[in-house]
């Protein structure tokens, strides 16, 4: 889609509470009441109440139920839904986080609806499916960078400075995938399925940083090793239910109508409430959605205080980190319906991460 | 101890990071360097990195290692340490919470050390040991109320308005204790060992509310049922390693010297950062310690948003709640070395709880 | 269905390994290769790899994917599938248990296929949907007893002695269901969602015992209290994804053709390998399926040895119990593809439970 | 100690149930009743009810309480106890496993007490403390092999064929230890604290295999990689509370009196009940103790059936494996008071492990 065609578009974001991973009733209701046209939905980003780790089946379950609903409402096969809508479910609602869906629509703006300034713009990109041995490696970094650039063109976002959040759903390794590669004589980046989630998230984030010019070079040896390489807007989430990277770029663009804008900050550590508060104050208007990344600081400390997330064999560190950052942000925004996704490798500084806010213009 | 004898006293609070439940090296160091006299220690309140639930042995482990150290440094048997120092370990450092000890000392103030106004005052109280069938019932409520009053007299805190935090360690039921009662023909309040922690915390909190005049009557039928009955300063924590209630009252009192003061607020829900921020601003000076309670709101919602803490069979709700409130408060105080204790039954409103801050006078 | 109509029937049981809750490929393959006619499937019983507790969404996910497959292969709406096939997913593959599906078919026997003796017979029964306040109470007990009798008639199983396993899927209480009842002024049997699973399983098992004449009376006050009341063949499993009881009766019946037979024993405790070995030896032929129940002995002991299942706040006791009984039975049968379902309230003696084996006639 | 000096010795083994990691009352009772002389205790091996993973503090807690008891009863400082008694606590009583202590004593045999044949012999060995960067590497392998040989000489066990169980407690890496090494410019074998437990267990097992001639060479590159290298009698257990390897060799030796003998088998996989049953039948007499190792088969399968232990992010695979093997062995021995220790790297074949039984001579 050319930048020209972006004229006359309008972004819509619905934030819908769910009662479980299978709950599509709120979305069905919005469609049935005519609030949104299902054909305009380009992405759905959501939080589900699984563990957010390897054996989290709530992501696949929610994705399946959404595809079923959309296939029915659109009158098309489920396979076609996959080509039309990027569905990115992130598991884990630890602490007070509230399960919900963010439904992103690209509508045609009504005549005369030209906005006074840049407005929320949404772009979509997809990589090809990765082989198990490509996950966490150069192939994933490079393909992601290409797809991010394509998504920015799709959104009509001209400058990297106008891209405020790049959400990516990426694959992970399972026992079966590792063995499939082994049968072909291929070696995967790690034999630890849980660690493969980190590598996939890390390689994807480096792809974003490359595409946006935040870094010049992203060698595969840097993945989950050289933390100086990072993106301030990448948000990557690994799931067992897909093999390619699905990308949603959110930014502000000319030629988009409506009353939504987006801004972001980089939290320097997990408890950097000031960064989040600053975005909220810059943005001002009614809050529409908050998207953030969380991770346990790899140093084992937060502002010089020891944390226990990395030595806990009962609860994975990503679960602790989501609960923590969810608490910090809930204190700032007065709301627990926050998209906080775990595993912030190369997404902001070690232990910190990006937080983006979508609001209405004042 | 009479109010008169309170003259010439000074409260000291050391906040010491630990590297595990067995780590008494920082306290040993402070004693060995002459920073504190072990004979002045009246209470130690700490966070340990267990699960904070029934099978959390880190509380007993930390308590044992502290008793060993104090017995050695004081040159007395371990049993005598128990009579001198109230040791209250709270398990669970979920999210970013940092394991630490708060060591409370009552020193003799140097001559001429009279403070310009009320200063931090510390009082100690103990109930008799409870039988299993008394836990969560009238006997525990009444004995706690008596012991709180005794602790206030001990501290020279004249008015309930000057009591800002009443920390209680209380017992729980185990399979063995329930069976011991059954052999005597006695029936316990619950057969569910995890639930017994809630009942014990709840009855203890009602005892505080009675003692401070926050409520007039606390029938045993109200325990963990009538949430309108509550205390704004109680903080109760259940552990397997004791059978009585151990009580530490913190407040401001005349006749205490030094530069420490305490204040508190009641968080109306788990994300009430404003309440915490207000205390911090009222207090102003250097932060010395933060103590707070956390619980999953029993309604299943926070400000109208669903939370998943009560339906999670992998991680107990008290663990989620500590992580959440720890995040909210870390965002406010810029520090994760916070005493956040789970299970706030009758401690503040449902889903909320007290937060107390000790600081230096400006 | 009359006993007469049972003539000419043949039971088939397929045991299919799955790679996850969403994996219907093995069943699709069996249908597509013509091994089974999907129209003959009357029940699917399976193990999925969730936690088997309140927030186990793998049961609903597996059930949805099976319904989708069957609706497509049968060319009927999904709602019709629910009326045709009882789908009973049990979560939890702790220890070595291997996720799988048991597909039960009722085929028309080929002419001249009369068996030399009784053969595996399958009957299906359904109760009406229960209101939240009926779960764990008289209404559930009575309706279950009726439905079990109907299922036995459906199977042409004349005598209770020929019924060897009665599998029931029953509902549980969630926060939402409890609140819905409260809005109508109704009080539910428990406010603890996890405990509601036990009450629902217990009431359902008492319904089986009543139907089979194992007990004469089953007052609601006995549910999860009077362990002397029990069934030696009931196997009940609670799930969030349904509101009624779905019943599958397995026994041996005249008039059924084929080469399958079933037998069972009651394990007197969780480690009663002898009971399981005896069934295996009585049955003799090739092993087709094993179905068993597991629970932590409520006494806290197994043969006088303390177990820690009931005091563990990290892993629920049902998870420990499945792992344990799965290990005992894997040692006996040399196979981990076992249907071991947790929560054996009133199903066999406290801490024990039924184990049924389907095999080929020698 | 020379073989000659072994004459006149007698091994004693007490199996004592505990009510928690702090419970030394049964051992104190045995000492106080004169059943055993504390000066004869050379090793205590036990199961405690922690998670058996990185943050399992029950091992250290139990070890401390045992040292306190022995120091008091022996009238010596705690540091001297460490030199006299090898204390090896293994965390994790999943499934039905029952917490207990095995107390190994070396007594002087009464005159005329010469046994008719070889009897249980106990030898002790210790390595020096390891630096963090030596864990899981050559230094640990070589030092362990030396210490095992010393322990065999200590026991008077002449031939490797007479060594039936070599129990080793070995250290692990923590965040702090890794950082300490980094400050010295040293690189540790892994940055993953949980994985460090596997490497330490693996290197220690290879040391046993070397010492007993089961393998000729054990390069550090084989640790947790080349599963063809292994010992049939090693049992290694990692814990945070020590830095050296502590070794207890159990075998049958001439010159030992008493009525105890030991035998062992290697389970070919986790459900190899036949191997355990064969040992039990060979041994015959009264059962005194069972010691075994457990691990999730790294192939992801047991006898061709998929297991889910390695993809479970809620419960670590070592916990699943202990529950499973504990169930298999409880079915064989009719007892849950079994020492089943997790993590069987290079201890028996992948997914299997050694099982040793101590019994009374018939």
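The first chain written gets the first letter, and so on, giving A, B, C and D; residue counts start at 1 in each chain.
Keep in mind that, in the parts below, a residue touches a chain if its C-beta (ideal position, glycine included) is under 8 Å from a C-beta of that chain, and two chains touch if they have at least 3 such contacts.
Fair warning: this is a prediction, and the values are worked out from it, not measured in the lab.
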Furthest chain, CA centroid comparison against subunit A: D
Pair exhibiting more inter-chain C-beta contacts, A-B or A-C: A-B
Separation of mean Cα positions, subunit C and subunit A [Å, integer]: 40
Multi-partner residues of subunit D (each touching 2 or more other chains): 19, 49, 51, 55, 176, 308, 311-312, 314
Interfacial residue positions of subunit A with respect to subunit C in the complex: 19-22, 49-50, 55, 57-58, 60-61, 64-65, 68, 176, 240, 314
Contact set on subunit D toward subunit C in their complex: 17, 19, 49, 51, 93-99, 270-271, 273, 302-303, 305-309, 311-312, 314-315, 319-321, 323-332, 334-337
Complex contacts: residues of subunit A adjacent to subunit D: 51, 53-56, 174-176, 179, 192-195, 300, 308, 310-314, 316
